[in-house]
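Consider the two complexes below, in which subunit A is the common component and subunit B and subunit C are the respective partners.
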Partner chain A sequence: MEIISLGTLISALTWSSILSLMAIGITLLYRTTKVPNFAHASFVTTGVYSATIVSLMGFHPYLGMFLGFILGGLEGLVLFYAILEPLRRRRSSIFILMIATLSYDILLYGLLNVLADDLQTTYKILARMIYYSRLDFSIGGVPGVAVISLLALITTVILLYILLNRTTLGVALRACMENTALAQTLGINVSLMLLFSWFIAGGIAGVAGALLPFYTMCGPYIGMLYIAEMFCASILGGLDQIYGAPLGGFLIGFAKVALISVLASFVGPWITEYAPIIPLAAMAVALVLVPKGLVAIKIRRG
Partner chain B sequence: MLKVESLNSGYGKLHVLYDVSVDCDKEEIVAVVGPNGAGKTTLLNSIFGIADIYSGSVKIDGEEITKLPAHVIARKGIAYVLQMINIFSELSVEENLRISASYAKIPDIDKKLREIFEIFPILSERRKQRAGTLSGGERQMLAISIGLIRDPKILLLDEPTAGLMPLYVDLIIKKINEIRKERGISVVLVEQNVKKALEIADRAYVLVSGQIIFRGSPSDLASEKEIMRLYLGMGE
Partner chain C sequence: MQLPLNEIALFMTDFLALFGVYLIVTISLNIQRGLAGIPQFGLMFAIAGGAYITGNMATRIAVWILGIKTDLDPVIDCTAVLSMVNPMLNTQPMTSFILILIYLAIGATFGAVLGLIQVAPAIRLREDYLAITLLAFAEIINVIATAYKPLLGGAFGVQVPSVYGWAGGYRYGVATLAILVIAAISYLYAEYLERTPLGRTLKAIRENEVAAASLGKSLVKYRAIAIVIGSALCGMAGTLWTLYGEYVTPTYTRFYWTFLPWLMVLLGGIGSNRGALLGTAIFVALDKLIIYYKHSFEAFLPFDVVWLDYILLGIITAIILIYRPQGLLPERPYIPKDIRKRIEEKIKQF
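Up next, the complex of A and B:
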C-alpha cells in the first residue's frame, strides 16, 4: 500500500510555500512593532482579489502577485500610519494594538465582501468562489502553482536577506527591531522604518494571497480561515527570527497535508475532517518544548 | 555651544528636573555628578528629546532644539551615548559603526572607520564579530565610537565607565580626554566615578534631587567638603 502519493507531497509543498509567505509577514511585524497582526488575514484575501481583478483585465491571474503586493502593502501602510502609530504615541499597550489590528481586519473583511458582491453583479463571475486551477499550467504533471509558489518564497527570502543585510535601509530596520531608543539617537526615524516594514509585510501577504486561488477555492473569508495557521507557522518557526517562518511554514504545511494523508490511509478518510487540529497541536507542543521556536534550537546547538 | 536654561522636565507626570541650567563651551569637558536618582540621565535625555520638557530651553550654537524629536536632534551635531543598551548586539561591530555614520551623512565612511580603529584598535580586530559577543570594555569602546563616527560637535556620555574593570575605566577616561583635545569636541560627562570624572573635567555640576546645588571648577568642588561627603561619598 502506498502510504503517501506524489500528488499529496506536491500539494504539501505548495501549501507550505504559500503558508510560509503568509507567516514571514507576521514574524517581520512582530519583530519590528511587537504586534501580532490579525489584519494579515485580509491582506492575504486582498491578494486573492488582486488576482481576480488582473484576470478580469485580461491578464493571467499569476500577475495578480504584483497588484497584490502593492494593495497588501498599502493596506499595511494605512493600518500602521492611521491607527497603530497614533495609538503608539499615546503609549497604548500591545493588547490595545492587537485589538486594533483585529478591528481593521473586520473593516477590510466588510470591504472585501462589498468588492466580491460588486464583481459578481458587474462581471457575472462567481466572486465568492474564486478558483484558478484550470488556468494553471503544468510541468510534467506538476501543477504550476507548486513551482511558482516555491519560487516566490525563495525569491522573497533572498530579497529580504539582501534588504536586511546589504542595504543601509535594511540594517537600519534591523537596528530598530533591536532597540528603538538607540536607533533614535542615531537619527533613524523609527516611525518611518516601522511604516516601511508594514508595507513589506502587507505586500508579501498580498503575493501569497494571489497564489491561493490556484491551490484552493477562495472567497472573502479565506484569510480568516487560515489566520490561525499563519500564526502557528510563525510561532513554531520563532517569532524572533524572520527566517524561522519558512521553517515553521513547511513543518505545519507538511504536517497538515501529508501527515493527515498518511493517517487517512491507516484509520480511514474521516480523519481528514480533523486536519485543522494539526497546526494548532503542533503550535501547542512547540510552545511547551521550544517556546522561542525551532530556529532557537538551531542557534543554541550551533 | 550647548546651553540648557531653567529646564523643568521628566516623564509624563513624573517631574524629575527643577530649573536646571547647564552649559558647555567649545572643547570643554563638563562633568555632571551626583547621587543615584538625582536626575543625571534625565538631563541628558531632556537635551536629546527623549524625556518630556515642561518648560525651559535647550540650544546648540544658539539654535533652539527644545522639544524636537530625538531623530532630528541627532542630526544637529550632537551624539548621545546611552548608559545601558548602547550598542546593537545583533549587528556586527562594523555594521554598528556604518549605520551610525550613514545617518549622520558622513561622506567618506571608510576613512572615518579607519580613524575610529586608530583610536580603538581592538574594534578593528573585532569588526566582523557580532557586537553582542564583545566584553564590557569593548562594548563601551564601541558605544563611544558609534557616537564619535558621527563627527559630533558635542558628545553626551552617560556613565561610560559603569561596571568596567579599573583597567578599562582608566583607558576610557584617557580616551575621552584625548578625543576632546585632538578633535575639539565638547563633552558632557555624566559619571558615578566622581574622582575620575573630575580628573579630566574643566567644570563640574552637582545634581541632587533634580536641582543643581553646585557649579564651578573641579578644584572648587574638591574644597566643598560638605558636598563631597554628603552627596558624592568622598572625603572623611
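Up next, the complex of A and C:
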C-alpha cells in the first residue's frame, strides 16, 4: 500500500495555492496599514459569489476570477475609505482598527447571505451549496483547478514583484511600508497608496475565492470557516514579509491535506475530521519559536 | 386594549435570562479588555467550552449523585437516561441546587483552562498577534465538538437534566433568577476587582506595558490572571445558558458570542461596568424586539430578517467607533478614599 496517493498530493497543491493567495493579501495589508484584516473572510466569499454570478450569466465560472478581483478590490476600497481612513485620521489605536475590520466583515457577511437568498429564489439554484467540480476540465487526469490555482499564484507573485520593484507606484508603496512619516515628507500621498494596497489585497482575495468552489463546497460561511487558516499561513510565513505568505500557505496546506492523509492511513480515517487543528498547531509552534515568521530565520554561516 | 399579561411575563423572563447571560459575558470582556487590555476576540471559546462541557458531564454527574444504575451512555442515549433522572430531580429541589453549583464549578474551571490554552502561544506578544491567536483558537471549538461524537453526540447536540424542573410552571422564572444572581455577583466582583491592587496593576499594564514591567510587574503573569478570571466567567455563562434551555448543540457562533458582546461593551464604554450594563440592556432589548416583531418585518423584506441584524450591527459598530469611541458611559478614573482625602487637604493648604 502506498503511503500517499497522487490525488492527495494534487489536492494538497491546490489547497496550498489557494491558501497562499488568501494569505498574501493579509500580509500585504499588515505591511501597509499595520492592521490584521479580519474582513478578508468576506472578501474571499465575495469571490465565490462572483464565480456564481458569472456562471449564471452564461460564462465559465473560472472567469469569475476577474469579477472577483474587481468586487473584492472594491470592498477593500470601501473598507479603507469609509471606515479605516476616518479612524486613522482620529489616530485610533490598532485595536480599534481591528474591531472596525471585524464589524465590516459582519456587515459583508449579512449582505452575502442576502445575495445568496436572492439568488436562490430568483434563479432556483442551491446558492448555499456552490460546487463547480463537474464544470472543471482535466489535463491528463489532473483537475484543472490545480493548474489554474498554481498559475494564479505564480502570476500574482510575479506581478506583485514587478509592481513593487519596477514601477514608481510600487516604490512609493514600499516607501509607505517602510516609514510612513518619511514617505509623507517626500511628497507621497500616503492615504492614496494605502487605498491602492487595499484594492490589490481585496482583489487577490476575490481571485482566491473564485477558485474555491472548484475545490470544495462553498456557502456564505466559507470565508469565516477558513479565516483562522489564512492567518495561520500569514503568521507562519511572517506578517512582515510579503513573500513569506506563499511559504506559510504551502507548509500549512501540505500539512493539512497531505500529512493528515498519511496519519489517517496509520491511525484510521476518523482523524481527518480534526484536520483544521493542524494549521493552529503549526501557528502556535511558530509563534513560540519564531514569532517573526519563517522568512525571518537567518541561516548562520561559518 | 387589554394587555396580554402572560405574554408580557414570558417576554420579560426571556429578556432577563438573555440579558443576564450576556451581562456575565460583557463583564468578563470588561475584565479582559477593559482592565488588562487583552484584545479578546475569542470570547466564544470559553463560553462554548462551558456550554459543551455541561452538555457532556451534566447527565453523567446527575446519574452518579442520584445513584441510578444504568448501562446507557449519558450522552448518546441522553433521552432514555434523562427519563430516569428528571422525575427524581423534580421531587428533590435540594439535589437540583447542589447539581447547579457543581455544574457551575465545572463550567468555570473548564472555561479557565480553555482560556489559558487559547492565550498560551501569544501571551508575550503584541496585541495584534494576540488578537489573531485568540480569534483563531476560538474558531476551532465547533470543529472538535462536531467531530468528536462522545462530547455532544455530534451535530445534533445533547439534552441536559432539568435542574429547575421542581419549580413546575415557574421553572423559567427560577432559571432566570439563577442567571441574574450570578450576573449580579459577577458585576459586584468586577467593581470590587477594579479597586484592589490586582485591578490597579492590570490597569497599569494596560496603560503602559514597559513602565509596568520596569516596576517589576510581570506581563505574562497578569495577562494570565485576567484571562483566567474572564474565561471562568464566560464558562459559567455557557453553563447557565445550557441549563436554561436544557439543550446544547455545537452551534455557538462568533457573531452571537464574540461580536455582539464586543459591540455591547463598545457602546457602553470599554472599561466601565455601568457601560457594560447599559450596552447589554440596549442590545438584548433590540434583539428581543426584532425577534418578537419578526413576522411583521417578513411581510416586506425579500430575505431572512436575521441578515438585516448582521448588516445593521456592522454599520452601528463602525459609527460608534468613528463618532463615539469612548462609549455612552466612559470609564471614570477611580481614586481611593484616603488618597482623595489627602488631595483635598493639600488643596485646602494652598
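By our rule, the second predicted complex is superposed on the first by the 297 of 302 C-alpha atoms of A that agree within 3 Å, B and C clash if a C-alpha of one lies under 4 Å from a C-alpha of the other, contacts with A are read in each partner's own complex, and residues count from 1 in each chain.
As a convention for this text, a residue touches a chain if its C-beta (ideal position, glycine included) is under 8 Å from a C-beta of that chain, and two chains touch if they have at least 3 such contacts.
Note that this is a predicted model, so its numbers are computed, not measured.
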Room on subunit A for both subunit B and subunit C (clash or fit): fit
Per-residue touch tally on subunit A - higher for subunit B or for subunit C: C
Touching partner for A:V190 - first (subunit B), second (subunit C), both, neither: first
First (subunit B), second (subunit C), both or neither touched by A:M283: second
First (subunit B), second (subunit C), both or neither touched by A:F231: second
Which of subunit B and subunit C A:L182 touches, first, second, both or neither: first
A:Y274 touches, of subunit B and subunit C: first, second, both or neither? second
Partner chain(s) touched by A:R90 [first = subunit B, second = subunit C, both, neither]: second
CA minimum distance (subunit B, subunit C), superposed complexes, angstrom: 17
Residues of subunit B that touch subunit A when the two form their complex: 48, 50, 69-72, 74-75, 79-80, 82, 85-91, 95, 98-100, 102-104, 146, 150
Subunit C partner contacts - residues on subunit A that touch it in the complex: 30, 34-36, 38, 82-83, 86-87, 90, 92, 94-96, 98-100, 102-111, 113-114, 117-118, 121, 224-225, 227-228, 231-232, 235, 239, 273-274, 276-277, 280, 283-285, 287-288, 291
Footprint of subunit B on subunit A - complex, ascending: 168, 171-172, 174-175, 178-179, 181-182, 184-190
Residues on subunit C engaged by subunit A in the complex (per definition of touch): 39, 41, 120-122, 125, 127-129, 131-133, 135-137, 139-140, 143-144, 146-147, 254-255, 259, 262-263, 266, 302-304, 306-311, 313-315, 317-318, 321-322, 325
